[in-house]
Amino acid sequence: MDFRSDNVTGAAPEILAALAAANAGTRSSYGEDAETARVEAKLKDLFETELAAFFVATGTAANSLGLSLLAPPWGAIYCHEGAHIAVDECGAPEFYTGGAKLVDLPGADGKLTAAQLALLLPGGKGVVHHPQPAAISLTQATEAGTCYRAGEIAAIAETGRRHGLKLHMDGARFGNAVAFLGASPAELTWRAGVEVLSFGASKNGALAAEAVIIFDKRLAEELAFRRKRAGHLFSKMRFLTAQIDAMLTGDLWLKHARHANATARRLAEGLAAIPGVRLVHPVEANEIFVDLPEAAICGLETDGFRFYRWLGEDKQRLRLVTAFDTKQADVDAFVAAAARHAATANEPAA
Amino acid sequence: MDFRSDNVTGAAPEILAALAAANAGTRSSYGEDAETARVEAKLKDLFETELAAFFVATGTAANSLGLSLLAPPWGAIYCHEGAHIAVDECGAPEFYTGGAKLVDLPGADGKLTAAQLALLLPGGKGVVHHPQPAAISLTQATEAGTCYRAGEIAAIAETGRRHGLKLHMDGARFGNAVAFLGASPAELTWRAGVEVLSFGASKNGALAAEAVIIFDKRLAEELAFRRKRAGHLFSKMRFLTAQIDAMLTGDLWLKHARHANATARRLAEGLAAIPGVRLVHPVEANEIFVDLPEAAICGLETDGFRFYRWLGEDKQRLRLVTAFDTKQADVDAFVAAAARHAATANEPAA
Amino acid sequence: MDFRSDNVTGAAPEILAALAAANAGTRSSYGEDAETARVEAKLKDLFETELAAFFVATGTAANSLGLSLLAPPWGAIYCHEGAHIAVDECGAPEFYTGGAKLVDLPGADGKLTAAQLALLLPGGKGVVHHPQPAAISLTQATEAGTCYRAGEIAAIAETGRRHGLKLHMDGARFGNAVAFLGASPAELTWRAGVEVLSFGASKNGALAAEAVIIFDKRLAEELAFRRKRAGHLFSKMRFLTAQIDAMLTGDLWLKHARHANATARRLAEGLAAIPGVRLVHPVEANEIFVDLPEAAICGLETDGFRFYRWLGEDKQRLRLVTAFDTKQADVDAFVAAAARHAATANEPAA
Amino acid sequence: MDFRSDNVTGAAPEILAALAAANAGTRSSYGEDAETARVEAKLKDLFETELAAFFVATGTAANSLGLSLLAPPWGAIYCHEGAHIAVDECGAPEFYTGGAKLVDLPGADGKLTAAQLALLLPGGKGVVHHPQPAAISLTQATEAGTCYRAGEIAAIAETGRRHGLKLHMDGARFGNAVAFLGASPAELTWRAGVEVLSFGASKNGALAAEAVIIFDKRLAEELAFRRKRAGHLFSKMRFLTAQIDAMLTGDLWLKHARHANATARRLAEGLAAIPGVRLVHPVEANEIFVDLPEAAICGLETDGFRFYRWLGEDKQRLRLVTAFDTKQADVDAFVAAAARHAATANEPAA
């Protein structure tokens, strides 16, 4: 019963089957094959627009490559202080952009707001001494397990655009956001002003596959070279393509995301009902942040449940993440154990 | 019948089986799992020494990460002018090292020699105006389909070491070299003075897997950070590890390489026996470079054989590459067709 | 009467005289001349220790080159959120380090504290996902016109050293700090734990000259190459050297700094005595931050005084900077005008 | 009598006078002053066109900044194998471009030809595996002391432009070329297809000053940021501006260059008349490469003449460089001494 992350899981059986199915025969290497073109076409259908898609194996690669299209080396990228690009990629955006500056901003429930950005911009635009505001990066679903509404994204995009900033979206959990919001992929991206999206599959049941999706194709030209020189161009591209293909077949990506969201919601509701337990953020995707007594946490650890402690006000915070294959029984077992340990923890000392 | 490259193939069934076998259960992400440690231990056994191994998905990533340990941004890396790092990685070594200079050198049959390097070194060492000689990179087997003998490697290493240069080996086809030479992996690497090896599996029947093998562990410390910030740290590391594991099980990597070498040899011998056909380099691994009349090349293309034309003196050169799954019948068919077309081409016009 | 900055001035006559004196005859280029060695020796005397000195023309170059010795591309550098390296160098530290991350920290009166750093460190040290804490950069005197005491520096150095961090000092106004504190250059740098110092002269009456001073000479080896490849190695080095030489002759640097400090103090005391005027920070060097009524600011502007407005709580803040050649009469004129305008501004509307 | 380089000299008296003249009063920092605008206007007059000029202190900075406008990190820059950017800048172009590849080409008398480039291009343009041909860099006058005619430049520019390459000119000795060719600055640059020029003054009698001149102003926008983040934006810009201003006043730059060229010619003619002495390249600017007997070289060294030995076929080659202030008497003394030593060297052993 492992709630550490949605990347501690293996891959869905459909993914492995797709790899096997793609294995026969030879192919033109490096993405010059028919399947890659076909999956790109499927993405155009899904997003209801022209786009360019570049497949890579990791979310950090997808984000960094995407950002390198939007910010020059002297650019500034505005993001939430908890964003993956800011705290979990060991400086990958700086590496790929050639030294752009991430401006880490606070924000409730893991989200930036248009109002906040309006106060900060133009932020030294045109002044030679300062990194030049170039892009905004949103995480969807956020690192706090919440989701930006289409209107919020559009307002942020519009605020940035007034000052010439581009909009990037880290969609490592894009499926979870789409599943929660019930909006279309188009509404949550290019129609709202997103220029580049990391469309994540690895955390949603793939083996290792992400797509950098570029809605403004003029930006795409150089990505082929950037990907290659970063070592992210697979020779046997079919094995990346096949994963995305399987994800898009029968809306597997949404099915997975809905399952992860539903188990997260069940887990959240179960925990919220326990006295002394507090949900930190609204649970809108597949991540739950929860405060509970230290003794209860220790009890859960002793029981063998796996999860990460998170930095909370009193250091009694957990992060729990569900995935495409999380079992309802495990969720219920966790809730029951938490309730038991919390009750003990709350008892007055004799 | 596709002889374009050893990366137009799919993966060996053992590789796919290994992925499936590794799929069950959860794992600590990012290589903090027991299997990764176990496969690293297997590599220590194979190479008969302490080492650090970092798994990545592409050869370009392996080479560039490895080189970034050996050359500072102001360093110079000596390599053959046909080396993959020099001509086929779109500047990846420059990206990863922060701007080191590749010094592209000529050399018969794709090889550098100690004598040649002795003439070039110290090469401005200590002079502030010049990029500083830092490393030598050898390709084993070479891009010409030949192999460095252990003694050649040792002589090159020794020549470099006298001037403080480190030795890198691009082993995208390391298996083919080991299979041809009958020397041990240790003899061809650290015992001969190699500090960092790209141990390739992708071209040898894997899906997408390479290991950066670092024999001087003091150099290894920073690679964890370099890999992560380049986006090459897989969250579901088990799927890279499993491929290398399968390769090492029952010496699958050598079995594959021997097969590719044997079919290449059969192909080379068949072609060499045809009047008007000339092998360009000794065929010691799985690549064949062959000159034949333009009309014969066109005939083979019309027949549907696939291969790359190569820049030869008279532009009548082919590169043919065999792989772990090349069929003997295909080789024989190619030879027969080449003989037929060459005979026609050589007939005097009526 | 221009209080915009200490870089709106020209150079001191001693500096121009030194350039003329150095002009005759030929010299070995690129710093291989006797004068450069001699001035380095003078710096060793001044700092009472072995050191390596590299002369460059700008403070941004000095800071960035120095930091590039202390932080790898995946490193994190802790600095005050108002530090020149953080806000006024357009990402130069990121460029020179190859992408290190500046961690911008708040702090009263422009200063960091050991206690603050102790709470933040080890800050993800050893965790592959995070930029690795590598260095702390202090500005002496600070951007707020205050000075770190030797004990404060030592405490910060010690806190960092416990976690392996190096200490950098941006001494664009180092002279002003030494002049104010009455401590020796040694006490304020290497004896307190500073590894690399930007020893500024440009803002202190030179034409354009700074020295990167490296107290741990093992760190110095690579700086020769870093400086050259950044285009900061002057061919006619004598003209940089001569400026530093003149600065060190007869303690001209301290004489200049004392003058700038004294005029700043006079200005501060004059302003502080005006009702409705508030000094924002202690005035310990040559920068004054002062809040006064908007109408008074406009009056001063109309009078032709030049200064920068600064972002204050009510946007009624000025920064005033004095220099080596600021005239007492100009200071007195400014104070008198400020008093007059403030009095008018404070009168109740009729 | 020092013929080592044109950078072993001091500065011309007009330059020092200009610094003194520019010293009085305060100025807006960082080039926001009227003089900088005025000198840019003078350059527009000189080049008879719109342009943007950025002043820096070193030729390496000027070249690298200029190249960074013309080649992306994955770009290839074609240059002569003896070019300063290729061999004497410690990888500065790689640093500034973010890793572009210099393609070093041979060429008689230090020059590239359009025919040579026509054979190499398109050079992998559009192929993701290869660095992308982006720019050509010519050195004018060349490192061999020769000059490109306007027609040669135009032919190279046209060859490159057909494949989308831009043209850079390293004009560290641009004045010497203009003086020799008698062509206008416009004819030798933008009219012939040059996009960016390093207009050198340091080697032509300035203290330390160069201008990056950008003829396509759309390329200029980002240079302000690139210069600042490289630490090459002088706060007291007047002191760079004043040097260029003095150079342009009364055509001082051409007067200097003509003098250096004339003394070089006199030196060359004197040497060429000596039996056993051979000029290696036509002497068209202020550099002379000359082969003479080893014994004669030693004799000259013993006499106290200073010059650099150069790598020749028999290692008996000298480089001699004249400058704006080379004395005719010194030239004559060198020739006389060379004649004497050569005569002795050529005598048969008794």
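A, B, C and D label the chains in the order they appear, each numbered from 1.
By definition in this document, a contact is a pair of C-beta atoms (placed from the backbone, for glycine too) under 8 Å apart; a residue touches a chain by one contact, two chains touch by 3 or more.
These numbers come from a predicted model, not from an experiment.
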Let me check something: if the centre of a chain is the mean of its CA atoms, which chain is farthest from chain C? B
So which one's got more C-beta contacts, A-B or A-C? A-B
Whole-Å separation of chain centres (CA-atom averages), chain B against chain C: 51
Roughly how far is chain A from chain C, centre to centre by C-alpha average, rounded to an integer in Å? 42
Counting in whole Å, what is the centre-to-centre distance of chain A and chain B, each centre being its mean C-alpha position? 35
In chain A, which residues are in touch with two or more of the other chains? 73-74, 89-91, 94-95, 98-99, 128-129, 132, 225, 228-229, 233
Spell out the part of chain D that touches chain B in their complex, as residue ranges. 73-74, 87-91, 94-95, 98-102, 128-132
Complex contact set, residues of chain D against chain A: 30, 72-74, 98-99, 128-129, 132, 222, 224-229, 233
Spell out the residues on chain C that touch chain D in their complex, using ranges where they run on. 2, 4-5, 7-11, 16, 19-20, 22-29, 56-65, 89-92, 94-96, 202-203, 207-208, 225, 228-236, 238-239, 306
